[in-house]
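Reviewing the structure listed below.
Order as written gives the chain letters A, B, C and D; numbering starts at 1 within each chain.
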Amino acid sequence: MLPWHTELAGRLDRHVISSELLRGNPLGDPHERPLWVYLPPGYDDDPTVRYPTVYQIQGYTGHLSMWENRMPYRQPFIETADQVFASGETPGCIVVYVDAWTTYGGSQFVDSPGTGAYHSYLCDEVVPWVDARYRTIVDRESRAIAGKSSGGFGAMITPMLRPDLFGALATHAGDNLYELCYLPEFGKAVRYLRDYDQDILRWWADFQTRPSFTKPADQTLLMVLGCTACFSAAPDGTPELPFDPRTGVLRPEVWQRWLDWDPVRMVERYREAVTSLRAVWIDAGTRDEWFLDLGAEAYRAELARVGVPEDRVHFELFDAGHGGIDYRYPLALGWLAHRLAR
Amino acid sequence: MLPWHTELAGRLDRHVISSELLRGNPLGDPHERPLWVYLPPGYDDDPTVRYPTVYQIQGYTGHLSMWENRMPYRQPFIETADQVFASGETPGCIVVYVDAWTTYGGSQFVDSPGTGAYHSYLCDEVVPWVDARYRTIVDRESRAIAGKSSGGFGAMITPMLRPDLFGALATHAGDNLYELCYLPEFGKAVRYLRDYDQDILRWWADFQTRPSFTKPADQTLLMVLGCTACFSAAPDGTPELPFDPRTGVLRPEVWQRWLDWDPVRMVERYREAVTSLRAVWIDAGTRDEWFLDLGAEAYRAELARVGVPEDRVHFELFDAGHGGIDYRYPLALGWLAHRLAR
Amino acid sequence: MLPWHTELAGRLDRHVISSELLRGNPLGDPHERPLWVYLPPGYDDDPTVRYPTVYQIQGYTGHLSMWENRMPYRQPFIETADQVFASGETPGCIVVYVDAWTTYGGSQFVDSPGTGAYHSYLCDEVVPWVDARYRTIVDRESRAIAGKSSGGFGAMITPMLRPDLFGALATHAGDNLYELCYLPEFGKAVRYLRDYDQDILRWWADFQTRPSFTKPADQTLLMVLGCTACFSAAPDGTPELPFDPRTGVLRPEVWQRWLDWDPVRMVERYREAVTSLRAVWIDAGTRDEWFLDLGAEAYRAELARVGVPEDRVHFELFDAGHGGIDYRYPLALGWLAHRLAR
Amino acid sequence: MLPWHTELAGRLDRHVISSELLRGNPLGDPHERPLWVYLPPGYDDDPTVRYPTVYQIQGYTGHLSMWENRMPYRQPFIETADQVFASGETPGCIVVYVDAWTTYGGSQFVDSPGTGAYHSYLCDEVVPWVDARYRTIVDRESRAIAGKSSGGFGAMITPMLRPDLFGALATHAGDNLYELCYLPEFGKAVRYLRDYDQDILRWWADFQTRPSFTKPADQTLLMVLGCTACFSAAPDGTPELPFDPRTGVLRPEVWQRWLDWDPVRMVERYREAVTSLRAVWIDAGTRDEWFLDLGAEAYRAELARVGVPEDRVHFELFDAGHGGIDYRYPLALGWLAHRLAR
């Protein structure tokens, strides 16, 4: 395998979308966003064929350009996704790469006064934009969403909120079961804040003045601050921590706002949407540093409980941590391609 | 410092106490228990003097003989405790070393159908036994309890339950703030149980057939099983896990039984007892693997909130993890010795 | 800072160079290689100005495309290098990005029957190619080489071997002091080989059949195999391990071949070349996982011993491990730009 | 298994031996040393029976009292050793527990101007003392030596130096293959010395003023200082480090003094003694933090090379690190008991 590049069998169109919903967002992030659309081989050959669409969203701190990053002995997903369709054994899909980055590193694909209307941007702007310009099959049964980590979270919740748009999903180590994936981070955060007078905004001010991730605190505090902005911002946008920054004691009403966004807890509330899903791919590494393998187990058990038939679900744990699992994405993409209506 | 032994300035009496309350305990553990009583220098010189008493209890998996273990470049607490009084600058105390070991590694010093009546044994048998045989000052204002880890937990809760007996305490890295100290263990436990068909009793059966602690699972699962037996046993003694052993999802009503034993949550419920405490020593290492430094902060904040005056509390975080902090015990003992009524 | 891209103030030309020396290399790697040449702002404005040149080489497993990888909250070196010159405060340099990747992950920038003639390719093909096409100052006093890790190694040794070409260098955490940076890897390698019948080529066969870096063994064994191919291949190209793959015992004559490539040991042998260097940047993180901070100290001490004046050396240790230190590269580049003859 | 104590089937005599050879030792350590002698069940029944003897020596920082330390769910070796003989299936041995502690934590069981004549003390004082007072079989074929870690080292070298005394040995994770077990420690030591002006004696001064092992540096620096005092002290006793304390570069002639004490390198030199051994037990954990599993492999390979027949050797790697492997000792003791001449 040569490391530098491959010619795609399909085609990748690189657009910029101008979002009305992100204009004037509270963090001052751009409302013009990159948006890439991949068309499978054959797309240009027969203008009568329409295709299912898979929306790909990214994990925390991801931004669109990172899809092109090259690693040793691995190809970027853009290329491995292309290979899924290149052989001809898997029916073609349009793949849409969506950017939902924020200054805090991410948006969790929700609407929040702390970050902006990223959920609406995705559902009400990106999807129609794509449907208007490409030969998609404009139907929930032919539309899926997929992602890893925070992207897996987005993939789980978006079809709950918008079953009219999405009928299938893939989550790789998606955020879930918050008492296991987030609580230990709060403990670490309190400790890191000792150097900042227990004030996360003092850390944030410091973070912006120096090379990023040069202090052990950076990773944890960025995630905590960013998720707080997404899940528990005040109406004026101020992030309200779900815990006391000196003791780590949970602030129950704020923490409840987080729990309301816990996919495993949302299943019951969005039972109807969930049971209408035609295909759900769930996987995670057995050593995931955020216990997202257990989150995956819990989410799957909850799907079963509310009545999602087993044959609509692919569940798999594999030997890995949270990182380096991009080789899983094309597996899910191929699986979805066979299951989306066409 | 020579490593082998020192002559004590005081005297250590080694007894065996026969407990009626532990007789027939559910784990079949012995009802005859070692009980050591330390008498400070001078005790035998003047038979008219009575002394305050400090009860020392141990952390999880501790049993009485371990107080004599010798480490390189450190003396056992039995000797450093003696040194507190040997100089003559600290007024003498009687120190009582209590054994509350069980087959599962500990009792958490509570009464439970899963392990036995260790709380009652301590309060209704050991204390009167000591008071009957030694020249103690028989008064809560002159009686303290101290310990590390699970022993710190015992030291926090016993004076809440029995303010008639104990008026002071010292907790070193005592169990507290259960969502931070216990929840991550549950996640680890679920993973370890994968090798045991998700059944903790299968692990327990395996554990008993081989050298202990030769599998990474042992430490975590022993603690989880033992605390379950202490905090959430069924009336017939069966340990009921506070989480689903496959998904890690909390079982709310069982988990609530644990939370009811969380010292930081108990303060409000035992407000009267807590505010009557005359001296409270709280410390922990800033890198405690179970976040017990945050537990300490939270407990201290709760004491302040319910009105314990600051001058009755010694609070200190120091650079350490959970292990190797035995050098803290004599500091607390000396502090208590000055504050107990005499 | 927006994450997606920046317009360069200068210009980056992307070429492919066809190497005669790499043609027919033993690993079957391509002899056509990407080669990027960066021209500083102003280059196109005045065709009479010539510039010093800095050759940038990469660490182990690096290939040229990885220079464009985007990380959260950081810009790629291509952009931060451009910013060094964009302000106008630092005099312009031509920066050449050289690819020396091999199937084993790297070439160490040496000529070896195990990998190919990468040293000669760099010195006898790339440098003349660049000098022929761009307005470089064709003089060792105006030519530097810089890199990190294995690239830092290459930056240290190339001017020793070819003082006619290079008069300055920058090494960031460059391989050095092999008993500390490599020996522990040999110990790990032996253990990992237990799953492969102690045969590294069996691991290599396995590695090529599955997603890379999904086994803990992969990182260590790849590096050991690759460095062996570079440092101690048999004349027919077969990698000869410097240790017994079952016991870890060093094979003295093979290990000596490695030590002959240890920069800190080479300084004495190439004393004349080394003392002729006009500028040497040395840095490393104080927590470098391969002890390359000590390697840096040792290399610097050896430079001093043979008589390199202190004012030609920049030495700096900073709080970091081996990873995430790309923000150091533009510091060295700016420093070199001021010191190269023009 | 009750945790507190067991009645021994045999008998343990606790003596103090007054050593002429240790009197006036350079560290001012006591020349009166505890010495324990265990007599198997039946010893007192028949005064005509003589027994083989196994000398047990300890790992670094070990002192005699630590043999009595009790751990949860494990019995001390004194008790498990007794159980080896209690059943009657293993023929009885006298077991001698020797103390060779020093202020620096250990003596490596060698004679050194830096610590004292511990090798001679063991061979010329302890052995005759025991033989004079107990019914041992006074013959090398009936005398073994055993230990773990530094004790395993002592067990390997003592029979090389004194084949007239010892004809068998057991080494559990004994120090071996110094480039793997010691070199990485030197790298760590240099880093830790940054806080001490690169002067290990400044660390030593600090270490003595505070609770031990409260700084991460303590463990590594103590071992480095102590082994230096044992292996490379100047004639006046000053410890001479085998590396430059700023760069980590080896000082070849000092390092060679260490290597001269590397068991795997000594085998060739003491070939005659080694091939005369009647029984050699070698084991180690596969994850030993000092690569002593590889040291074990290398030592075993060297024994085979010089001609020790395979049937005289027990070799075993097991799943463990360096700690917590005391359950291995009785296995070796039983094996030796069957092989010693009687």
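Rule of thumb we're sticking to: a residue touches a chain if its C-beta (ideal position, glycine included) is under 8 Å from a C-beta of that chain, and two chains touch if they have at least 3 such contacts.
This is a predicted model, so every value here is computed, not measured.
With steps allowed only between chains in touch, the distance from subunit B over to subunit C comes to 2. Two copies of one chain, subunit B and subunit D, touch each other, and the residues they use overlap strongly: the shared fraction of interface numbers exceeds half.
With centres set at the average Cα position, the gap from subunit A to subunit B is 45 Å. If each chain is reduced to the centroid of its CA atoms, subunit A and subunit C end up 36 Å from each other.
Taking each chain's centre as the average of its CA atoms, subunit A and subunit D sit 56 Å apart. In this structure, the chains touch in the following pairs: A-B, A-C, B-D, C-D. Residues 177, 179-180, 183-184, 186-187, 190-191, 194, 244, 246-250, 264, 286-287, 291, 293-294, 297-298, 301 of subunit D are the ones touching subunit C in the complex. Residues of subunit C touching subunit A in their complex: 2-5, 30, 34, 61-66, 68-74, 101, 105, 211-214, 319-320, 324, 327.
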